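One chain, chain A, links the two complexes that follow: it is found with chain B in the first and with chain C in the second.
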Partner chain A sequence: MIELYILLIISIGAGIVAVEIKDLLASAISLGIVGFSVAIMFILTQAPDLAIVQIVVEVLTVVIFVGVILKTTHIDTTLEDKLNVRDYLTKGIFALFGIFFLLFSILALKELPQFGMPIMKIASHYLVKGFEEIRAANQVAAVILDFRGYDTLGEATVLFTSVIGVLTILRKIGKIK
Partner chain B sequence: MTIIVKTITKILVGLIFLYGIYIITHGHLTPGGGFAGGVIISASFILLILAFGSEEIKEKIGYIYSSIFESIGGLSFLLIALFGLILGSYFFYNFLPKGKVFMLFSSGIIPLCNIAIGIKVSAGLFAIFLAIAATRFIMKE
Partner chain C sequence: MLPYLGCIILFLIGIYAILTKRNLIKIAIGFCLLEYSVNLFFAFIGYKKDALAPIYANLSQARNFVDPIPQALVLTAIVIGLGTTALLLSVALRIYEKYKTFDIKEIKRLKE
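Right after this comes the complex of A and B.
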């Protein structure tokens, strides 16, 4: 558990550095530190699949940021701007909302089960009763197409939308040149 | 492509297609299902095009047909769910008789849903492949 806390502190510090530092290249690199420490946290909590996705996404974002910075400018000019009343007002509202969110999340986190101890209220019902109720040998199929049919419908809709998007972008007829 | 690739493709493409159909129809018995089987079926079509090549007009016809089949798959999946609403009590109600475990005709509407998803996924992926392949005709103009 202690390594998780160390990584959390490192990522929070890197996040603050990324916001406050003047050189944008250093800012992009400290953003990368945040992402990679999240990836290590995923590995430590035994989610290697998420860690792989996180590493891929993080490398891509850092490369894109560095590419943009090399093409444009290094120096963050927004840090020197003077703050007026409106900026203080928005920051105050954000801080108020953050305090409320923190308080309610502390109250909500007390109700959650212990770390690494799932309650399995609904999943155990699927595992025990699913075989008799659905009579499918493959329980995964029973879950995705019967208990959670809406979820699969949403997945199919996502696929349909993406296909329509690709066909619209790459179409030949009716394209404005 | 060379004659080796063409000969191997001729032998294998039917088997790959059949394997995709097997994965879809046995989705409720063995690992797999509509999504995985649809990808395998579209891979057999893509292998054919990669090995033998194609012309612009053929690709256009395939494009139209795959769009139609994609819509048919998605709509039939929705229709199965709606039949549950009409014949039973709620959306996605399993209205067919359940049958015996481990038989091909068992577990109600799950095989039908798998077939609908399989048609949809295979046609959708093939349409995407054709659209990306057709960019070379657009580039030429």
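Right after this comes the complex of A and C.
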């Protein structure tokens, strides 16, 4: 599992670069690095369906980011002016929050089952019934399209709503006065 | 526990971008990072050591599979994340067209 740790370190480093770099195009490309390392980590954790979807979504995300940045500006001007009291205050509040979040998450992660040993109480039922009742070779497809079909219907609704939202915000013709 | 901690750190980077950055594109990037870290966390929770992807290659195969439920939930969440990012960036584009800046401080000042 050494590859997993290397990819996690790469994605954390690329995440920090994406947040801190001055050029927004470089920032979008660093976000792409994070997304594709996440896709490779999905393959390493035996989730090929997720890896396929993640690659498609990541390509679209980077294309949308680059499109918006090319239409506007690619320099982050907010990093040029000097830090004032308010910036230090927000950074300090974030540092406090981050320390507490990390401590509580370490406490909470101790209660989770060990990495590589899931409980799989419901999943064992799905894996037994999945093939006999649904006749699907891919168990993930059986879960999203049959056992939890309403969940996928909700997903389609959210996607449709977001497409309507984007089209409404970006339309050229406004209301005629 | 170490892979889980990596996800938590990625999550904190995303929250840092949302809370302290003043550029709208950086805030959208923070949202993307949050989304990736949560998806990755779910994939890690379902991972089983020395198990196969939950796809039957032949019928007589032993059922030594990773957990399919977190994968199904994440599959939904990834696609919804794309919708959220597109909506955020279209709002950012409109704000830039009106105020000619991505700085949220300037946007606040220019309001009549």
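Side notes on the structure shown:
Basically, the second predicted complex is superposed on the first by the 119 of 177 C-alpha atoms of A that agree within 3 Å, B and C clash if a C-alpha of one lies under 4 Å from a C-alpha of the other, contacts with A are read in each partner's own complex, and residues count from 1 in each chain.
As a convention for this text, contacts are C-beta pairs under 8 Å (C-beta built on N, C-alpha and C of every residue); 3 or more make two chains touch, one makes a residue touch a chain.
Computed from a predicted model, the values in this text were never measured in an experiment.
A simple residue count on chain A separates chain B from chain C, and the partner touching more is C. Within the superposed three-chain model, A:91 lies in touch with chain C and out of touch with chain B [touch as defined at top].
In the superposition on chain A, A:159 contacts both chain B and chain C. Judged by the touch definition given at the top, the superposed model places A:146 against chain B, while chain C stays out of reach. Once the two complexes are overlaid on the shared chain, A:170 sits against chain B and chain C alike. In the superposed model, A:134 makes contact with chain B only, not with chain C. In the superposition on chain A, contact is made by A:24 with chain C only, not with chain B.
In the superposition on chain A, the residues of chain A contacted by chain B and by chain C overlap at 131, 137-138, 140, 142, 144, 152, 155, 159, 163, 166, 170.
Contact residues on chain A toward chain C in their complex (touch as defined above): 1, 4-5, 8-9, 11-12, 15-16, 18-19, 24, 27-28, 31, 34-35, 38, 41-42, 45-50, 53-54, 57, 60-61, 64-65, 68-69, 71-73, 76-79, 87, 90-91, 93-94, 97-98, 101-102, 105-106, 109-110, 112, 114-118, 120, 122-123, 126-128, 130-131, 137-140, 142-144, 148, 151-152, 154-155, 158-159, 161-163, 165-166, 169-170.
By the touch rule above, chain C contacts chain A in their complex via residues 1-6, 8-10, 12-17, 19-23, 25-26, 28-30, 32-33, 36, 39-40, 43-49, 51-57, 59, 63, 65-69, 71-76, 78-87, 89-94, 96, 101-103, 105. Considering their complex, residues 27-33, 35, 67, 70, 74, 77-78, 81, 91-92, 94, 98-102, 106-110, 113-114, 117, 120-121, 124, 127-128, 131-132, 134-135, 137-138 of chain B touch chain A. The touching residues of chain A, counted against chain B in their complex, run 131, 134-138, 140-142, 144-146, 149-150, 152-153, 155-157, 159-160, 163, 166-167, 170-172, 175.
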